[in-house]
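The structure under discussion appears below in the form of structure tokens.
For clarity, chains are labelled A, B, C, D and E in written order, and residue numbers in each chain start from 1.
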């Protein structure tokens, strides 16, 4: 990950023969290092309004594109313009332990790729290394392949984020089964939100990659098609994983609701049965606790054992009645 | 916002060179100020039947369009006629603290835009200023760009309204988590209705903008396409935000339902356990409160401490039983 | 509304110059009054099998169409045949206070419209008057415009029926909020059924009007297109209103369920807390109601006040405990 | 309905001039009676593997079709082959009081229709009679019309089955409203399953008829089109009726759930209120049942009436408190 | 099923004249036995990275395909490349009693089929036997028919797995009806997961077979079309069976929830009624257990029988009241 103190802009020029990287604070500064014959990748570390419009003027970018780059609430999309393609994505952005999203905008021209990042620090360091070490196919391919590699890196991050939520869900599923507790509900709610955010990033990407796949812009060569299909498959699978997790989550909630409610019902039933057996007995005892002078049962020597018998039969009768009805 | 005491009609004439505005009470009065070479924007402050049909006759508007303008329960739509486009929208209308909707109908002709407002006071003052100050692109563009600007202003208001509901939802989410209270249900219901109303305004607009985007009417020039796409993206995003809020709301309701029911269950369980422990004890005490003459336990000097022991063991046994079953 | 004692058949002949109406009991009888140059509208007051097949033979109607006219459980649809269009609809039929549905079938030929009503009495009297008084466009237009007017009259009735249900829902919504009662559930169920019936009539009509709109039958002239679009918009809006009402109804049910259950929970909690406080106190009183001879507390002069103190502290302690846990 | 002891195979030969029927146990036996000029309808009474493959060889049927005919778990479908159409359906099969499904496969060739029944006894006796009596259009039409008549007979049976379930639902609806009982839940479950089975038979039939409607096989003549449309309409309507019944069922369940739960809540509330009023009173009585020697209230002559007063005020106070809070 | 100790690779060469099988540990080793004139089927027993890339080089497979073969989390799909078709599936894999999934990838070339299995042991032994014994059509057909046979074997396994879950569901349905227990909820959850896994395997297969059906690659001959349609029908039916089971499961859950809750309600009601009747009686007994000196009722000789009468009337009155309100 790039240090936050890195210069605002950087340029990587490369061709099959070599690759170099330079940083700078203005478009003029970095464009000196542009690769006249090969490919240049200009990266903006943060959405500095001045730098964005400077680049916009140099590369003749439509004012609406500039607006879209600067507005960080864009829905992921791909748009074709006369001499460039504009792609905007939501990338997962890690800062310490916290995970958020940042908007990545990509301008794809014939010999130049410009990327605009919302926040400093990105997921593209692996790509920079592959360019410098001439690993993979990037150096031997055009700007469209670089753009593919960038989108691929973003999609790979979605998988990591999905796996993280999947692990949490599995853990919760075990808790929900073993302990019958319900303390995991706030955790479920957190996962729900994380999945919801992922979904909002992934779903429109599907459409966006699909548009790149079916474009007839000359900026996307025919050979890129299997690679775009591959990304498309990954995005579709990520989207389906989100749906699976949501369904799994609903299942956990439903089973837990049912289990908790059954358990509570059983407890309440037992408790109520105990009360129900003792309340009539207490009444009988209460009757013979009355102080009427004229209560023949009280004087009889068999009164006390008899009343115990009555009480035992009452309790036993109720137990048998409850058992017959399968209440206990 | 325009004062309610403004004249019924107003006309703004403009071209790249200049702009003027005039008010009046009848079509004849304002049409004197029409811009013969440039563009004229005629605005009706309220749905005065006479004025609408007067304009209808002058600009040869189809009777069904007139009917649609006057019926304020129209679904947002765009319709092509021989020499004009008809667009009807639901705009958010503020009056003091209250927020409602008003129907805005737009007739787009080659050199004239006519807007019909349901209620006096609108969201177009910013546009009027931009025309007068020659800010932005309006003065240099045709009637289609003006129509775009008007629709854009309406869509921007949706975002404000959505943010308002979003803030309320966030606040309720905190309350739902912290206090376990359920007093927010009427508030939820209010948000539900506000979102429902927004959705009814936003969803058909999607279709409507999409129709403008794919029209082959000469009234919409090709250059407007990126602008209409931009509005389309905004409308789609607004529609998705509504869905997200609805989902979030359902999540809050579900979690709250689950939390409240769990909490209530725990309370009832503890209360019932207390009763269940004391009811058998009360029965035992009741037994030795009976007045039978022949109760040997009562005369024994160990009777009283013994009965306390029995009662303590009964209570203790029940507690152990409940604990073993994990009821407490 | 036409009287039920009206003749079985009636014919209205009209052209821009004039209009006349005649009734009769057989096809032969009314067809004498057919308009040779202009347009004839034949109406059947009830589904008399003989009259229907008589008309079928005269106008060479396909046996399946005859079958569809006589079977009153048709789904609304539009079908093209060689020299006629067949449209069948569900119209709202009022008889005193009760509201039901009746099937209206329309045969649209070049110079004749035949309408078949399931039950005597219809919603077309307004149209008859407009023909006779030469109001509106009917007299100056063809059979397609008459058919449009008839369908429009049916759709207008849906709006009235929807408004009625909307008013009822609003009333129930107020009751649901103010009284926390649940007596409105049978009313909700009635509205649910009414909406369900409306939906079954409206949804297929959408498809049916859409088919008329996109037909290339010469029986529907191009100029009718804006009128059919207008009906289509109305049907779509009616369908959406049904969905809105259903959603609103679900919202009322959910909120009411939640409110009622919360209220019940609160009541039960308070009641249970009262019991829970008094049950242990009753136990203490029970203990000192026992008749053991050897109970030193009973003889002590401080016994009685002491036990009151114990009981007050027990009750107070429980109240504090409940308050700390925020149970009360 | 055909007797189960009927011969395995039967052939009906017909043309506008006449019709004859013969039974037999092998293809060779019945094919002697084939109609060389007109149409032959061969029917197999049960899925005898030998007979099916014998017919398969004679009529050059694709091995996969033979497999599909013998596998009784086919999804209803229509398939075109070089010189025949293959249609497979689920027909309702009655045996005494029980209703089940049987698979009917139809091979439609230019001059022959072969039907394969899963179980002996079918719903086609009416058609046989119409052929023999020259009723309807069958004798004057081709094999496609015969196939249409067969499918139509199957669809008509669905309506009977739907009406049966509809009647049961109506009855349950009345019970659900009047008695507040819940004993109808097993009945609901039965209806649910019956509807589910019907749906599985009806839904794919829609697709299947639609395929026949849009086929360009010469085996289906253009004149059949209105008849196939008619079946299509019926199937769509049957499918919608299933959905309506399912919705109605869900409504009954929901209303019943709500009613039962409300009723139970009310009962429990009243019962709990009774307990809650008497428990404190019992405590007071308990206090003065204690045997402390030093209880001044007991000796006072006003003690007893006073304590009654206290108890009445306690009870009254609680009742007023409950009433004020609208609990009773 | 093949033993796990089988060699890593195996090759089956066949043509109408004969068939042979050889095993080996490297591509070089098995490719010696390749059938130059006829068809070769190379099978990899596990996803050995080295062997896969060796085969990839020999058969010029696209690097993305190699990646997809090695990544066992692929979504079932079919992809066309220049000179091969790539199909990847999820097959059910049994190991002892446990059932899991394994990924099967198929490369279909003109004269060669290569299959890659995730785990040793497969469901293809029947196919191997049919090739060796020249049973069925395989030996007389091309590689496309072999691929069809392989996919068919995978789909057949789905049916077995579905039947297993169907049997379990039926058993649970009986338990849910007879015992009113809820112990089957973990079982339901297991079935839910098994169905969910099946669905994830079956749904994308639909699309995948549909793509094979509509491909215009010369690798799939026209004659295969009925066979692919057959698989398609099976996959669709399997998918519908999953949906039916899910619906059935939801129905069981709903009915069980309703039954359990009704039963619990009835029990609680009876128990509460018992308590409610005895609590006032206990109060009355408590009153006459008080020790006030001045209680005239106590001295009266009719006091005791009278109080019994009062208590019996109270209890009876309450019972009548409850009965009238239909609470018991």
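The rule is simple: a contact is a pair of C-beta atoms (placed from the backbone, for glycine too) under 8 Å apart; a residue touches a chain by one contact, two chains touch by 3 or more.
Model, not experiment: these values are computed from the prediction.
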Chains touching both chain A and chain D, listed by label: E
Self-contact between copies chain D and chain E, residue sets same or different by half: different
Rounded Å distance between chain A and chain C, as computed from the means of their C-alpha atoms: 41
Centre-of-Cα separation between chain E and chain A, whole angstrom: 26
Overlap residues in chain B, where contacts from two or more other chains coincide: 268, 272, 275, 279, 282, 286, 289-291, 295
Contact graph of the chains (line, ring, star, complete, other): ring
Partner chain C, residues of chain B touching it in the complex: 62, 64, 67-68, 73-75, 77, 79, 81, 182, 185-186, 188-189, 192-193, 196, 200, 253, 257, 260, 264, 267-268, 271-272, 274-275, 278-279, 281-282, 285-286, 288-291, 295, 297-301, 303-304, 307
Interfacial residue positions of chain C with respect to chain B in the complex: 177, 226-227, 229-230, 233, 236-237, 240, 244, 247-248, 251, 254-255, 258-259, 262, 265, 268-269, 272-273, 275-276, 279-280, 282-283, 286-287, 289-295, 325, 327
